[in-house]
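Next, two complexes with chain A in common: one pairs it with chain B, the other with chain C.
Here is the complex of A and B:
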């Protein structure tokens, strides 16, 4: 079922597969680097808000200028939404409610506009779930440019973003102002959403920002390794997802959304790593509890071996 | 209201580092507010270089407000405030701040060394990597707080006391003329407490001005020469021997149930439960 290495090279050399691969790699690396701070600052929800807010931009762009307008529309929406959401989320009290209101209203506006078009179901599908295997050369160029800009925004402010994420009070006391860094980060997130919307899909692109970093944080605790590990995980999952999607349509005769396959591969990897992590921790705790169990470990020790449980108690 | 008179406090001649100005921090009728009612009103005080001031008062009394005010992080709505002879924001690069470490995420993937290096980030600026001098400053700061051997450990794996000393090291990397500490002794064991006390006393001897909020009156006596009793205004301010008296402390904590080091002040009325809850910032 699964192709050999030369076959893989051959498949990926097909022009449309090469374009898809470049797209996935660029988005995977950008998503992993920017996702580090989405993860460390728990910005998953605001990122979701940004993704939903880009949606009406996609739709309006499409309605006004067809496929060519999608990108520009998304870009404008992203910049407006990232500034708006930065301000809303800084209001502190009830910021989740604020984000949720923005998210729901923007998405509804997008749906209302797109539903006035004829044949809107398939258009809606394209915008939401992407067309990874049919990205054009000009789309690839757009994705690379926007992805690189988004990455540079975060890389250039990396240390400040790290400080901001770790200790906001100390950050302010060191003379930094938070707002510009928050805007930069949210713009970077929005740009990744823009870059990924047409290929991966407006909603699924969020997974590239969130899942690989979650995997990396289970694998390593050193911040210098989180980003590279996340990028490698993301690129590998993207490549495997593409191949699985290709095989499924060519060999299997079913055509799943390839970007959904990419995301599912990531989720599977996440679950496997999570299980390994939890098991590893249990084993370490159990080993620790054997010589002299602390009070908190007694129960677990009893569960495994009566003798040890008793000696611990 | 009592005002610190620079001529009566000890060490006032010791190594003035504020560009010749006698006062390291000078407040005149300073009132701070986050927008609503003032968090702290009408503070007048002059803190000479090398002085150590303890801020004592119940929760919400304005201790943190004053510390943040000195850094220019809380708006000054009336009166005046000068730090090292200039505005708080201007002086900030010579001010070290040690916030409480309780809010820090123990799973955050950083090493102690990286946390201390954060103190240098502002000076390093954009697009450059930490240089030799930055690494030396970090090593020296870690040495000073006695954590040189722990530099490569994950910050969250350190004990609470070590974390606090690490944050102090971060504040020291900027070679501060003023050190602001927010409840530095909360929940410290004896070892860490003594280590911190030693460091603070050394810094004072070098002419660093220390301002610390604390519930710990023993600390106030061991490190500080001046005390400021706060309750949304200055209740009393002056040399510790004459100011940290039972009568004045009781007046500061009036109507508020707060636990204080029992062997220092024993006759405070017990307030079970009723906590002053005007929290801010």
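Here is the complex of A and C:
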């Protein structure tokens, strides 16, 4: 069941597996870097809105120009949606509900158009779920180009984005304007969604933006380490997911959706790290509160530094 | 006009009323992302129900209980929070549904039925379930409506006044989850959010007094359902999509009305200040 290392190399050097691997690695790295700001600025819901809003673009592109049109359609929808959602989310009060309405209505436009087509169900599935193992060479090129552009947008504005995330008032006081940076970030998120839609699936791309960074935030407290840790976690999960999917279909004789497997591997890793983190914290707190039997409860509430001072004294 | 059409009309009226009531709670408590995550995450519940051959409502119901628990647990961990919790549950649930669906390719239920619903095939059982949740929601409002509002607007004050915030939160989350589940057969797991949040958000822009938001939201909810259904039959488009587009249209109209009103009040204020 478990392949050895030379076998893994052999599997991954099959042309279609290499294409899927390149796709997953590019999307994983881009998703991890951009996901840092999605996480720090709580933009998960807006990202979900972007993902849904790209969907009608995929559909219209497909209806107008077939498979070749999907990419361009998604790109146009993504740019429109990122500006729209930036504006809606900056209105502050009630933005939460506003995003939900934008998300649902954009998605409905896609559904209504696709429901007029013949072969509606299979097309809907392809557009929503992606086809990771059958990406073509030209699709891989598109994914690499768009993924790299998205990553560069965020890397080029990295320091300012960090400033914006941690100290929005200081950011304004230092003379920066927020809108351009918000638009750049949302466009980068939208580009990752576009790049990933055909391969990973329109909704599952979101996992690459959210889950690896959530894992990294549990592993490290250093901001500088969050992006590299997230990228490594994401790439590893992607590779393992592809291999699991491959083994399941070759050895197990079933054909699981490869991108669903990739995402579920990430989710499992996340839940394991989460449980380990919570247990580790409990054990630390328990150790700290043990030396003083009487006032242990108040000490626990006051935290670590006090307890350490006490044991040192 | 055949009987399935009347069933669909009745279902859209009941759901419109329910979504008006519970949607107002969602909007006031800012739980839209939570609700979106929950709607997506009921998708695997539907697939499991199709595999096991039992009711979609049961599958989605069990899953929503599990997922609300997971989300609540994650959101209490430091450096994770509610948004991460919703994001994880949303993508994880969706991926699980896809995986199950790809492992059982010959399912009797088509995926689009679960994702975008099919209001034209609802049963009396579905309608009954929605009606029961509606009655429960109204009873909750009658018994604890004031407390629910208080805790939505001022959670700190609520706690300081000696109430238990997590009890109210639990009540709200249970109502939201139940609504998502009973809406699933008709509008599916992705589009339910339009009918839940759309009418309530529009009502919030049209009327200022909180006790009038719910009736207006119910009215808009029923109108969205019925008009969407009529549009879908007239132009032969997906019913779920048509219903949520009508809800979105009301939202656009409501924001237009609000900005018109705002413009008028600003103009009036300018005029009065110029007169003095």
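Going forward, the second predicted complex is superposed on the first by the 292 of 313 C-alpha atoms of A that agree within 3 Å, B and C clash if a C-alpha of one lies under 4 Å from a C-alpha of the other, contacts with A are read in each partner's own complex, and residues count from 1 in each chain.
The rule we apply is simple: a contact is a pair of C-beta atoms (placed from the backbone, for glycine too) under 8 Å apart; a residue touches a chain by one contact, two chains touch by 3 or more.
Owing to the predicted nature of the structure, the values given are computational and were not obtained by experimental measurement.
When both complexes are superposed on chain A, chain B and chain C end up sitting side by side without clashing. Look at A:128: by the touch rule set out above, it reaches chain C but stays clear of chain B.
Using the contact criterion defined above for the overlaid structures, shared-chain residue A:172 touches chain B, although it does not reach chain C. Residue contacts after overlaying the shared chain place A:217 against chain B and chain C alike.
By the document's definition of touching, neither partner reaches A:279: not chain B, not chain C. Legend: residue contacts after superposition of the two complexes on their common chain; A:152 is shown touching neither chain B nor chain C. Look at A:160: by the touch rule set out above, it reaches chain B but stays clear of chain C. Of the two partner chains placed by superposition, A:65 touches none, neither chain B nor chain C.
Between chain B and chain C, it is C that contacts the larger number of residues in chain A. The minimum CA-CA separation between chain B and chain C in the overlaid arrangement is 6 Å, rounded to the whole angstrom. Within chain A, the residues touched by chain B in the first complex and by chain C in the second are 217, 221. Listing the residues of chain A that touch chain C in their complex gives 39, 42, 44-45, 47-48, 52, 94, 96-101, 103-105, 107-112, 114-116, 120-121, 124-125, 128-129, 201, 203-204, 206-207, 210-211, 214, 217-218, 221, 254-257, 259-261, 263-264, 267, 270, 274, 277-278.
Considering their complex, residues 26-27, 30-33, 35-36, 40, 74, 77, 79-81, 83-84, 86-88, 90-92, 94-96, 98-99, 101-103, 105, 110-112, 115-116, 190-191, 193-194, 197-198, 200-201, 204-205, 236-238, 240-242, 244-245, 247-248, 251 of chain C touch chain A.
Taken in their complex, chain A has these residues touching chain B: 40, 156-157, 159-160, 162-163, 165-167, 169-170, 172-176, 217, 220-223, 226.
Taken together, the chain B residues at the contact with chain A in this complex read 68, 71, 73, 89, 92-93, 95, 97, 99, 103-105, 107-111, 114-115, 118-119, 121-122, 124, 126-127, 154, 167, 170, 180.
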